[in-house]
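What follows is chain A paired twice: with chain B in the first complex and chain C in the second.
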Partner chain A sequence: MVIHIHSPNLIQSIHNYLGISLVIANVIVVSLLAPLLDGIERRVKARIQCRRGPPIMQTWYDIIKLLRKGSVTQGPLIFKLMPYIAFITSLLTLSLLPTLFSNSLSFVGDIVVFIYLLATPSVLIAIGSIYTGSPLASLGSCREISLWMAYELILAFSIATLAINKSSLLLRRILPPYPPLHPSVIVAIALIAFLTYAEGSRLPYDIPEAESELSGGIILEYGGAELGFAIYSLLIKRVVLTSLLIDLILPRSRLINLLSNSINIPLLVSRLVIIPAIYISLLIMFSIIYSTIEALHGRLRIDQALTLLKRIAVIAGVVTLAALMGF
Partner chain B sequence: MRHLWDSKDCLELKELLSTYGVVEEVGNAYLVKVRVNDLPKLAELLHWELEGHYSTSVGTDFRPIDNSFKLHHIFSVPKYRKFVVLEASLPSPLPKVPSITPIIPGANWGEREVRDMVGIEFEGHPELKRLVLPHNWPEEIHPLRKDFPYDRKLIIEGIDDEVEHDSELASKYQVVPVGPYHPALHEPEYFELYVDGEVVIDARYKGFMVHRGIEKVAESRMTINQVPFIAERICGICGYTHACCYCQAVESALGIEVPERAKYIRTILLEIERIHSHLLWMGVALHVLGFDTGFMAYWRIREPVMRLAEELTGNRKTYGANVVGGVRWDIKEERIEHVLKVLKEVRKNCIELTEKVLKIKEVVSRMREVGYLSKEDARKLSVLGPTARASGVDIDVRRDHPYAAYGYVDFRVPIKDEGDVLARFLVRYEEVLESISIIEQALQNLPKTPLINEDYEVIPLKVGIGATEAPRGEDVHLVITGLGNKVYRWRPRAPSYNNIPATLYMLRGAYLADAPIIIASIDPCFSCTDHCLVIDVKTGKSRFLSFKELVRGGHHG
Partner chain C sequence: MPLSSYLGNNIFFLITSSIPALLIIASLISFPFRGKLANYTTHVLSSIASLLMCLISLAVLTGHVSHIDLWIALPNNIKVLIFRIDPLSSFFVLVLGIIALTSSIYGLGYVSRFYGREHVGWYGLNYSLFILSMYLTIISWNLIAFIIFWELMTVTSQYLVSYEKSKDVAIKAGFKYFCITKFGAEAMIVSLIILIVIYSCPTLTFSDLIAKFPLLMKSQPFLSYFLITLFMLGLLIKAAVVPFHNWLPDAHPEAPSNVSALLSGVMIKVPIYVMVRILFQVVGPNIYVGFAVATLGVITLLVGTLYALEQVDSKRLLAYHSVGQIGYIVLALGSSVVFLSLGTNYLALATAAYVASMYHLLNHAVFKSLLFLTAGSVIYRTGSRDLNRLGGLGRFMPVTAATALIASLSIAGIPPFNGFVSKWLIYVSTMCARTPLAIYGVLALFISAVTTASFIKYFTAIFGREGREVVGVVKEVPPSMYIPQLLLAFLCVVLGVIPPLALTLIAPLVTYLRLNIQYLTVMPFLPFIVSIRGYGVNAVPIIATYLAVTTLPVIVVLSSKGRGILNVWLCGSKVLKHLHSIPGRGYYMIFEGVFREVYILGKSLKGFSKFLAEEFISFFRYLSTHLEKAEVMTAIAVALTTIVIITKFIRW
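Our next item is the complex of A and B:
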C-alpha cells in the first residue's frame, strides 16, 4: 500500500487516530493510577498517625480481592447495576479532561456534560442505596444528595466564571493561559481547589460514608464486585477532580512552547514525556497535601457542612456576577 | 486530711436511721434492717433530702437459711461520708415489696433485674417488664435463686423476638438501628433510634446480650479468694477496680485490716488503670468523630502507661494483684524512679496533645452542646462518674468514701456544669492529670509494712459493701459471705449500669450524626453492665434477633 504522506486528509486522520488513542491511553493509565494514589494517601496518613501504614499497592490488592469475590450483593437489579454504571461514567468523565497527555474528547458544551458527569457516580450509588431499604444506607444517600447539590452549585458557578472570562463553553478553552488574569479567575480556581478536596469525600466531608456513624453509609449494602466498582469509581472521581485542578493551574501549551524555544526540546518529547511527568508529580503532590489535610481533621456534621457549603456557594455566585461585570 | 470526717455528723445520720430499724456499722456503711413499707420513705430521704444517690439493688435468696428473701438497696450519702444499705426481709413464697422507682427513676433497672433474677415483685414499678432475661424464658424460673443449679441446661422454646421496640414511634418516624454490631460501638448492644430527617426523636435500648453468669459461677463453685480473679475479668478495661471493690467488700464484711503498703499499691494500680482507660476513651471519642490522627496519638501516649502496668504487675491488663486482705506483689524501690520518669512524660504528652486537639474546630464543634444532660436528670437517674461530674453533680467515691490510700493523698475532683460531651472530655482529661499526681504522691510515700493480712476467719452470712471510683464512675460490690470459705451472694454493679439509661435522655433531640459520640461519651462498658448470670442465652440467638430487627427497621424506613 502506498501511503500518500502529502495528503492533508491523511495527516488529519492520523492525527485524529493518534488523538483518540492518546485519550484512550489517558483513561487507561490514569484509572490504573487512581488506586495507587490512594495507596500513597493511606501511607502518608499512616505516617502522620505514627503508624507504618499499608503498602502503596494495598488499595489495588483490596479492589482486586473484591472484584474476584463475584457478586454477593442482595437487592433490586437497579441497585446492583449502579456501581457498574458509575464506573463507566467515571471513565467517561476522565476522557473529557486533558490528563497525562493533553488530548481529550472535546465538543461544544462539554463543560456542561463534564459538570453533570462528575457528580453522576456518587449520585447513582446514592440512588441505588435508597432501593435497598436499609436505613443507614438511605441516610447516607440522603446526605450524599444534599452535599451533591451544594457541590454542584459551587462547581457550576466557578466554571461559569471561567467560561465567562474566556467566552467559551469548551472545556479545553477555559484552561490556561489566562491572558487577563482577573481576580474572579483566581477566586474561581481557589474555589475549585477547595471543591476538588471536598467532593472527593475526604474528611471532614466524608459524611455520606461516615464509617463510625453510618457503618459505611451509601456503600454499606454493597459487597464483592459491586463494592469494588463503587470504591473504584470514587477513586477515579478523585483523580478527575485533582486533574481538573491541575489543568487549571498548569499552562501546558505555554510550557511546551517554552521548552522548545528556550532549550530546544522537541515537541513530541515535551508532549509525551515531560508534560506527563509533570502531571504525575503534581498528582502525587496533591495526594500528599490532601492526605495531610485529611489526617488533621475530624468529620463535620451534615448541617455544619451544608451551612459552610452554602456560604461558599454564595461567594461563588458573587464571583460569577463579578466576572459578568468584567472583573 | 480528707479521710477524717466529723464523727458527730455520722452519729446524726445513725440516729436518724435508727428510727427506722436496727443500724449496724459495716466498714464505711450503715446496714439498716428496715420494714418493707418504709423503703420508699427512706429512698426519698437518702436520695433527695440528704442529697445522696441510689447505687443499686440486690436481691438474695435466703430460703436455705431462714426461709425468706432479702432485698438490699444501696445508697451513697456523701454528705456523711457513708454508704447506707437498707435491708428488707421478705416472706418466702411470694416476696413483694413497694417499688422505689417512682421516687428515684434511676432504680428502674436495678429493681427489674432483681425481679428477673430472684423473683421479687415490685409493686408500683412503672415499667414492669423483663430487663435481663430473654422474653421467652420460663416465667417461674429465676436463675439466681439457690434452687437453680449453676450447671443446669435449660432448653428454651422459640426465639426471643420481643425487643425494645416502640411500634407507635416506629410508624411515625424512621427507625435507625445502632448495633448490635456497629463500628463505633465495639460491644454487642442495641439502640433503636427514631429519626425524623437527621434529628433523633426518641430512643430505646436493649442490652444484656453478653451475660456470662459470673455471679452464679462465683457463688456456686469458687472460694472467697478465687473471686477477685474472676471479678477482674468483668471488664476488659477497668478490671482491677472490680477486683479491688470485691476485696474491699469482703474486708469490710469480715473486718479485715489491710496493711498500709497494700493500700498504697492498690491506689497506684487503680490510678494507672484510670489513666489508660481515660486515654483510651479520649482516643475512641476522636475516632468516632472521624479524627483518626487524634485517636492514634492518644493510644500512642497511652502505650507507656500499659508498659508501666506490665513493669509493676507483670501484666498490661488484668493485673491479678489483689487478694482479700492485701496484694500479692510489691512495688520494688528501684523501679519507682523509672515510673516517676514515665509519668512525667505522660503528663507532658497528654497536656500537649489535648491542647492541640482542642484547637481543632470541627472536633470541638462536634462535642460542644452535644448530648446535653441536665443536673436534674443526672440526679434523677443516679448517673455516676465523669458523666455525672460533667453535669455538675459533685460526687467521687475516692473523696466521699475514701478507700485504699485515697485518704492520704491530695487531689482535686474536676466538676463541669455544661453537661455536654465536651465537658465529659475535659473532666476525663483533668482526671488523667490528677491521677498522675496521685500516683506520684503515693509512690513517694510508700509505707514499709507487710503486703497482706491473712489473719482472718470467714464468718458466714456477713454483709459487706465495697465501693471504688472506677474510670467510669462508682463501682459497687455487695458480698454476703457463705459457709465453707465461699461467698453466699456477690453482686457487682459496674458504673455503666447507671449511666446507660442517661444516654436515652441525651439522644432526644440530637442529630443522628451525633448519636455515636453521645453513646460513646458515657464511656459505656456494655459487658460490665451485663456481667451477671444467664446460663443458656446463646449468642447466636441474639444475633438472629438483631438481624430480624435490622430487616424490620429497613422496611419501616
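Our next item is the complex of A and C:
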C-alpha cells in the first residue's frame, strides 16, 4: 500500500517548445481530421444501406457552408455564445490526450480535468437550448443530460479502476493501463470502449438528437455559424473519445522502444511518422467499425437506454471493487 | 462576586469585543420598531459588525497576530470565560463575516417586502442575535460557553425560520428544526457534563481537552468512544448529515432568503468547525472515526443531491443541495483523518484532503449564499418559488440571471469557477491511493454530474424559456440587492481563477494542525492549478488558456450582427408559446424513475430520521406540558445524578 511517488524527470513533460508545438499540431491536425472521419462514416453507412453515399469531404463542405452563413436565430446572448465556448472547450479536451504525437498537456489529476472538459460542451449547449424554450430542443437537452449522468458514473468507475491499478491520476501513467494486465483492467477497457461508442451519440444512443423524432433535438434552434460550431464540437468530441480508446490499447513508448531496438528505426522517425500513421489507421478502423454498428441499429427509447446504462454502471462498480482488492 | 474583565489596549482586542456590542445594540434598537427603522438599524449595524469580523480574521490569518484572547476572570485570576480567535476559528469567522456582510446589505432591500405584514423589529432582534451567537460559538474557548451560544444559535435561527407567521408551513418547519437540533444538543450536553465531571473542572476549555483527552482514550477507550459518539451526534445533526438531514430541506427554504443564505452558508459550517477541532486536535488521527465520517459524507452527498434533482421548489432544491455539498466537505474531512492515521506516506494526501475540505467549505459558503440571494430576488419580484411555473425572467432581470448562472456553474464545478478547484482536489486526494476511499471519490464525481444537471434545471427553469404562467413585465431588483450578488459572483470567479488566494488563507489552518502546506505547490508564475508535491509535474495552466480563449467568442458574438430574430419553432402550432415549456418536474423524470433504487435507500434513511424526530417531538411535548409535575422533575434529577455517579466512580 505504498503510493508511487514520481520524480519530475521521469515523466516526459513539455518544458521545451518542441513539445508545445507538437501539442498544438496535434490539436490542429486532429480537429481537421474529425469531419473527414465523419465523411468516411457516412460513406460506410450508405454502402451498407445500398446507397451510394456522399463524397468523403461532404461534412467539411457542410460545416464551411454553415460557418459562412449569418445567423437568423433566437435573441439571447447566452444561447448564441454557447456553441463557441463548447467548440473551444472540445479543442482543449483534445490537447489533454496524446493523439497523433505522444505529447500532451499533463499534470496531476488531469484525468479529472479531462472528464470535466469532455462533459462541458454538451452541458453548455444544453443550457443554451433549454434557454430558448423550444419544446423539442428542451426535450433533447434533458435527454442528453440524463444520459450524460449515467455515462459519467460508468466513466468515473472505469477510470478509477485504471487509476487504482497504477496508483496514479496522471493520464500519462495510465495510458496504456498495462502491464500488469489484471482482469479488472480488461473489463475497464471494454467498458470505456462501449462508452466511446455510446457517448459519441451514435445510433442506438443518439436519443438527444433523434432526427426523426425531435428533428435535431438539442441543436434544433441553432442555425448558421452557431450550428456549424455545435456540430463541429460534437465531431471533435467523437474523435477525442476514439483517441482515448486508442491510447488505452496502443502502447506507444514500448512500440517505439521495440522499433528502435529490433529494427533500428531512429526514435524521431518512429515518433513523428510511424506512430501517427498507426494512430490514423486505427482512427479510420474504429470509424468503420462504429459506422457498421450504427448502420445496423435502431434507436433505443430513453428509459431503455438508461436502464441498460444503470446495469453497466453496477458492473463497473463491481470492477472497481475488484481492482481495490487487487484483481 | 465582582467580575473584572481584562482588556488589552491592543486595537485587535477592541475590535473583537466591539463586534458583540454592535450586534447587541442593533438588536436592542431595532426591536421596538415595526418597519423601516428596524430594517435599517439591524442591517447597517450588522454589516459594520461583519466587516469588523472580516478585518479581525484577516489579521489573524495573515499573521499579524498569532491569536487573540479575551477573557473574564475572577479576582483570584481564575479565568471563567475565555474567547479565543486562533487560525482555525478565524477562518470560520472570515466565512461568517463575508456571508453576513452580503446578506445584511441584501436584507436592506429584501426585508422591505415584510413591511406592514410582519413585525420587522422581531426579525431584527433575532437576526443580529443569530449572527452574534454564531460568532460567539466559533470563538468561545470554554465548553460551557460554547454550548450556551450553540443553543442560542438554534433558538434565534428557529425564530427566523418561522418568521412568517401567516404561513403554517413555516411554523411547522421551525418547530421540527428546533426539536431535532435540540435532540443533538442534548447529546452534546450529556457528553460535556460527563467530561466536566471526570475532570472536575467547570471551566473546561478546548486546550484542557486537547491536553487531557488522549490520556482518557488510552485509559478508558470505551467511555471515550462513547463520549465522541455522543458529541459527534450533535454535530452531525446540526450539519444535516444524512440520516439526520430531515429538518434542513424544510427549515432553510422557509426563512427569509438572506437568512437562508446565512443558514446554508454559515450555520451548517459551525459544526464542521467543531468537528475539525474534535477530530484533529482532541481525538487525533483515528482510522475508525475517519472512515465513519467519510462514509457518512458519501451517503450524504448521494442522498442529498439525488433528492435535490427531483425538487421543483427553487429554495427547497437549494436546501437539498446544501445537504449534498456538506457531504463533500465531510467526505474530504474524513478522508484526511484516514490518511493521517495511515502514516507519513499518506501525509501529502491528508494535507490535500484537508485543504480540499476547507476550500470547498469556503466555496460552498460563497456560491450557495449567492444562489439563495438570487432565489430571493426572484421571490421579491414575482413572489414565486415554483420551478414548474416560473420562467423567462432572464430578459427582465439580467444581473440576477448572470449571477445565478455564475453560481450554478460554480456549484456544478465547471472550470474556471471556484467549485471546480475544490472538487478537483477532493477527487485527486481520494482517488489516488488504493483505499476504499477511491470508490467514494468516484461517487463524488458522479454526484457532481447530478449537481450540474440539477442546476441546469434551476437556471433555465427560472431565467430561460417561457414561464408556464405569464408573469408580465418585472423589473430588476434594486441596487442594494444586486450589489451583494455581484460581490459574491466576483468571489466565485476570483477563488476559482486564483487558487493561491484561498490557499494563503487556508495555510495557517494547515500549519496550525501540524500538517504541511508545502505538499501543495502552486505554479509560481501562472498559478492556476494546485498540484500535490511528489505526485508529478507542476500543473500546466490549462485554465488560463481556457479563460483567455473563451473570452474571444464573447467579443465575436457581441460584435457580430445577426440577420434577424425568429421565433422558436413549434411545428407550426398556433398555441401560445408558454404552454410548450417543460415544467420543472419534467426535466429528469425518466432518470429518476430508472435510478429509483437510490431513492429507496434515501427513503429508508429518511424514515429512520423521521422516526427519531417524531419520538423526540412527542417526548419534548410531554416534557414541556408535564414539567411542573413532581415525578418528572425527580426522574430528571435521578437520571442526572446517576450519570454523574456512574462516570465518577465506575471505570468503564
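Please note the rule applied: the second predicted complex is superposed on the first by the 310 of 327 C-alpha atoms of A that agree within 3 Å, B and C clash if a C-alpha of one lies under 4 Å from a C-alpha of the other, contacts with A are read in each partner's own complex, and residues count from 1 in each chain.
The definition used in the following text is that contacts are C-beta pairs under 8 Å (C-beta built on N, C-alpha and C of every residue); 3 or more make two chains touch, one makes a residue touch a chain.
A quick note: this is a predicted structure, and the numbers were derived from the prediction, not measured.
Contacts of A:A160 after superposition on the shared chain: chain C is touched, whereas chain B is not.
After overlaying the two complexes on the shared chain, residue contacts for A:R271 are found with neither chain B nor chain C.
Within the superposed three-chain model, A:V112 lies in touch with chain C and out of touch with chain B [touch as defined at top]. In the superposed pair of complexes, A:R202 makes contact with neither chain B nor chain C. When the two complexes are overlaid on their common chain A, residue A:I48 makes contact with chain B while staying clear of chain C.
By the touch criterion defined above, A:I127 lies against chain C but remains apart from chain B after alignment on the C-alpha atoms of chain A.
Applying the stated contact rule after C-alpha superposition, one finds that A:K80 touches chain C and leaves chain B untouched.
In the superposition on chain A, the chain among chain B and chain C reaching more residues of chain A is C. After overlaying the two complexes on the shared chain, residue contacts for A:I302 are found with chain B and with chain C alike. Looking at the shared chain after the overlay, A:L321 reaches chain C, while chain B stays out of its contact range. Shared contact residues on chain A (touching chain B in one structure, chain C in the other): 132-136, 138-139, 142, 302-303. Listed in rising order, the residues of chain B touching chain A in the complex are 174-177, 182-184, 195, 198, 286-297, 300, 360, 362-363, 365-366, 511-516, 550, 553-557.
Of all the residues in chain C, the ones that touch chain A in their complex are 342, 345-346, 349, 391-392, 394-395, 405, 412-415, 420, 424, 427-428, 431-436, 438-439, 441-442, 445-446, 448-450, 452-453, 456, 459-460, 463-466, 529, 531-532, 534-540, 542, 545-546, 549-550, 552-554, 556-558, 560-566, 568-571, 577-578, 580-582, 586-588, 590-591, 593-595.
Those residues of chain A lying in contact with chain B across their complex are 45, 48-51, 132-136, 138-139, 142, 203-204, 206-207, 210-213, 215-216, 295-304. Across the interface of their complex, chain C is touched by residues 1-3, 5-6, 8, 11, 13-14, 70-78, 80-81, 84-85, 87-89, 92, 95-96, 105-109, 112-113, 115-117, 119-120, 123, 126-127, 130-139, 141-142, 145-146, 148-150, 152-153, 156-157, 160, 163-164, 167-170, 220-221, 302-303, 306-307, 310, 317, 320-321, 324 of chain A.
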